[in-house]
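To keep things simple, chains are lettered A, B, C and D as they appear, and every chain counts its residues starting from 1.
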Amino acid sequence: CKTTIAMLADPAASKSVVFGNDGVLAGMRDGHAYIDSSTVDEHSGQRIGEALSSKGGRFLSAPVSGGWRDAAKGALDRKLYDEVTVEGGLLTHLGHRHWFVGDSPAHAARAKLMLQIMMGNIVGSLAETIAVTQAAGLDPSQVLDMLNSSAMGNALCAAKGKLMVEGKYDPNFQVYLQQKDLRLALHLADELGVSAPISAAANGQYIRARQLGLGNMDFAAVRKAYDADTGTAAGE
Amino acid sequence: CKTTIAMLADPAASKSVVFGNDGVLAGMRDGHAYIDSSTVDEHSGQRIGEALSSKGGRFLSAPVSGGWRDAAKGALDRKLYDEVTVEGGLLTHLGHRHWFVGDSPAHAARAKLMLQIMMGNIVGSLAETIAVTQAAGLDPSQVLDMLNSSAMGNALCAAKGKLMVEGKYDPNFQVYLQQKDLRLALHLADELGVSAPISAAANGQYIRARQLGLGNMDFAAVRKAYDADTGTAAGE
Amino acid sequence: CKTTIAMLADPAASKSVVFGNDGVLAGMRDGHAYIDSSTVDEHSGQRIGEALSSKGGRFLSAPVSGGWRDAAKGALDRKLYDEVTVEGGLLTHLGHRHWFVGDSPAHAARAKLMLQIMMGNIVGSLAETIAVTQAAGLDPSQVLDMLNSSAMGNALCAAKGKLMVEGKYDPNFQVYLQQKDLRLALHLADELGVSAPISAAANGQYIRARQLGLGNMDFAAVRKAYDADTGTAAGE
Amino acid sequence: CKTTIAMLADPAASKSVVFGNDGVLAGMRDGHAYIDSSTVDEHSGQRIGEALSSKGGRFLSAPVSGGWRDAAKGALDRKLYDEVTVEGGLLTHLGHRHWFVGDSPAHAARAKLMLQIMMGNIVGSLAETIAVTQAAGLDPSQVLDMLNSSAMGNALCAAKGKLMVEGKYDPNFQVYLQQKDLRLALHLADELGVSAPISAAANGQYIRARQLGLGNMDFAAVRKAYDADTGTAAGE
């Protein structure tokens, strides 16, 4: 087998599969390829890529975005990217759309963070809007319906808005994961010298949701950060 | 003519048409109806409604949302609302969807503000994301394409993202109007005792865009609030 | 009596004393003076000044700052200001220091707001610091002692820090009053086109304290906005 | 010599002095002591302490706060702390007040961060207040004088306010250092599950000052983050 593809839970798992005993690095042969579809931070991706290259291997960091859509984004090795994304290629089984974002695994990690900023801010804003809607004596389902009928309508707000109105937060993508992504994005923005006040404010509300004991709930539970009576939040 | 319908620029115009010499109030007859599709603040709407009612008139505050979609939302007089929104009714010429949001013009004003919070925050977040994207050495058009292909994709981000990438801000909906709506929404949230930190942060960026001389540009120009070199912003 | 001096609870009281039956305006004579040491918003002050001037009266808006220090700030009528602030003058009984801030009552109102921004932000920051201090396993009394020994030490932090450590919030200056001042300051900054993100964030925490039922407690109770368990806050 | 005392520029220097060839660790003897008065992050301090302990050495992390006051805070080794802080002891030459904050170098690092949160937020708030003051047509020197005469008066605001009014930012403590401390403090608060919105907003303004090319100016230059015309900021 000349190409190995992996999708793992976190950077630690990714590194262990590559660097562990009998791992991908140990078995790497000249010209063979390793594709990692996990979400890996930019430094881990860089380290994996360099190690595999040093043994003649080829590496593609191809994180997948969302749980609901199948969009993979590749990086590092343009030729490998092309091979695996053509019709019938390996990644066409993973996602219906692909983007080549740049010559380094860091590019893939950063591109994914950009989407995560938007996701955190949109769902945080939705929570804020629903909280004000309810305090204003309006019907949140109706406001959601208006939102979905407007130019702002999208699948994310429809799904997360429903959870907020029902107050049910069975996890699809957890509070602590969304907050981790905002933290990484703010760290990146800081490094680049860009002030990101909206994301910083949203991040604060996800931290507050964690403080309320909701870290493992769906990130729509950020809605709870707006309530006065949070006494029972942790027990949910 | 038993029903008059108006769509005016601002609350001052709305009040002048109603309360001015030979205005709507002066000509109001028992059972006649006045529908205002302007965006009117909740206190002006209340005042108009009470004045017309005192002369036996019927009033519907029916603000229209967005420039791009035709969604009208009615209020105050359920029966009048029903008459004008049935197939062939007056409001069916104005919008393809309608919502009856409550028994007072304040409800219509508040419902519209809820949509404006989301619009301001989403476009502010998009500006923030594009600014970080560009500082990170990624291609903003590609990131926008990913965003539009994701569960977050919507017509607003597609349109405003394009303006930001091109740096062209011919006004459709101006910075100063979006900021005014966020100000009103924050004022309402404050009155209701709900802290709204994400909207407050977004509001700050629109104020900054105004400070840069961009108040009359399209509100996508909030992107400029993230730049270091703003020396020429005002002159654009 | 040629000079009347008043110190009233709020703008409504100030206006009633001036414009009411047998009020200050009714009794105003050419050359007589009225000094208002209440805290009055800039529009009320302007209105009072113009009304008294129209009857030949002299007016000084001289709000007093703080509860703990006696600093009066005068405005409008430089000559009147000088007369009443010289040794033995009327205002020397009110405060040990005075500033002539400008030719309009609006100047006095604005100058006082500037101090209120600082007060709200410093006490909000202190609450934030104490909350992190406690979560970090440090002794808040010791950190306060360090703070007071540093170049940041001041009477405000010493007093409010003590309340926060003890969790006792008997009102000296209430949450709702401090939040009202931040709201007015943010409104002014917005009008002037200055984004004020730090004050906006602090304002959000005071709104949250109000939401927790602490509006009538001392504004040091903003410390509570940082707690997870707020179930009992309202009952205090 | 049984006790060595060091005050170095940053964690890297601290570690090099301890772990380098012929460094402190190499020369450590049973019962000898090493006192580090540098500002070291909590992980570096921990590592140094453990290494020295393993060779029978004693370690005290004793960071010094401020440039203007001489306050040292000790940690780790209560007995060593007592020996060096008694009258005539080594640390009495360094600072006039000392606090024993806890049994680990992490405690010393965290205690110092608490002071840095306050410093960043107070100076950021002062910049915001001065910016609004100037936009409001008030005299900033006069407002500073009022502030200094109030219960909020302290040496920090007097010194930094003067720099802001004069627009002279020769570095005493740089923008990039203050921002680094806020970043570390926000990271700590995040880790502890405490949302810190005021500090996050202040942090954003220091990042913006860095973006304007002011990273090496005194941190009072955060005042510039509030200006519309920043075209020349970088050139100062």
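Note that in this section a residue touches a chain if its C-beta (ideal position, glycine included) is under 8 Å from a C-beta of that chain, and two chains touch if they have at least 3 such contacts.
Chain by chain, the UniProt names read as follows: A, B, C, D = 2-hydroxy-3-oxopropionate reductase.
A quick note: this is a predicted structure, and the numbers were derived from the prediction, not measured.
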| task | List the interface residue numbers of chain B and of chain D, divide the shared ones by all numbers used, and answer same when the ratio is over half, different when under half. | result | same
| request: Please indicate which chain is farthest from chain C, where distance is taken between mean Cα coordinates of the chains. | output: A
| note | The distance between the C-alpha centres of chain B and chain C, rounded to whole Å, is 35
| note | Averaging C-alpha coordinates per chain, one finds the centres of chain B and chain D separated by a number of Å equal to 46
| Whole-Å separation of chain centres (CA-atom averages), chain A against chain B | 31
| note | Each of the following residues of chain D touches two or more other chains, namely 189, 193-197, 200-201, 204-205, 211, 228
| field | chain A-touching residues of chain D, taken from the complex the two chains share | value | 179, 183, 189-190, 193-197, 200-201, 203-205, 207-208, 210-211
| field | Complex interface listing, chain A residues touching chain B | value | 65-66, 68-69, 71, 73, 97, 99, 101-102, 107, 110-111, 114-115, 117-119, 121-122, 124-126, 128-129, 131-133, 135-139, 142-143, 145-147, 149-156, 159, 185, 188-189, 192-202, 204-205, 226, 228
| request: Under the touch definition given earlier, write down the residues of chain C that touch chain A in their complex. | output: 197, 201, 211-213, 228-232, 234
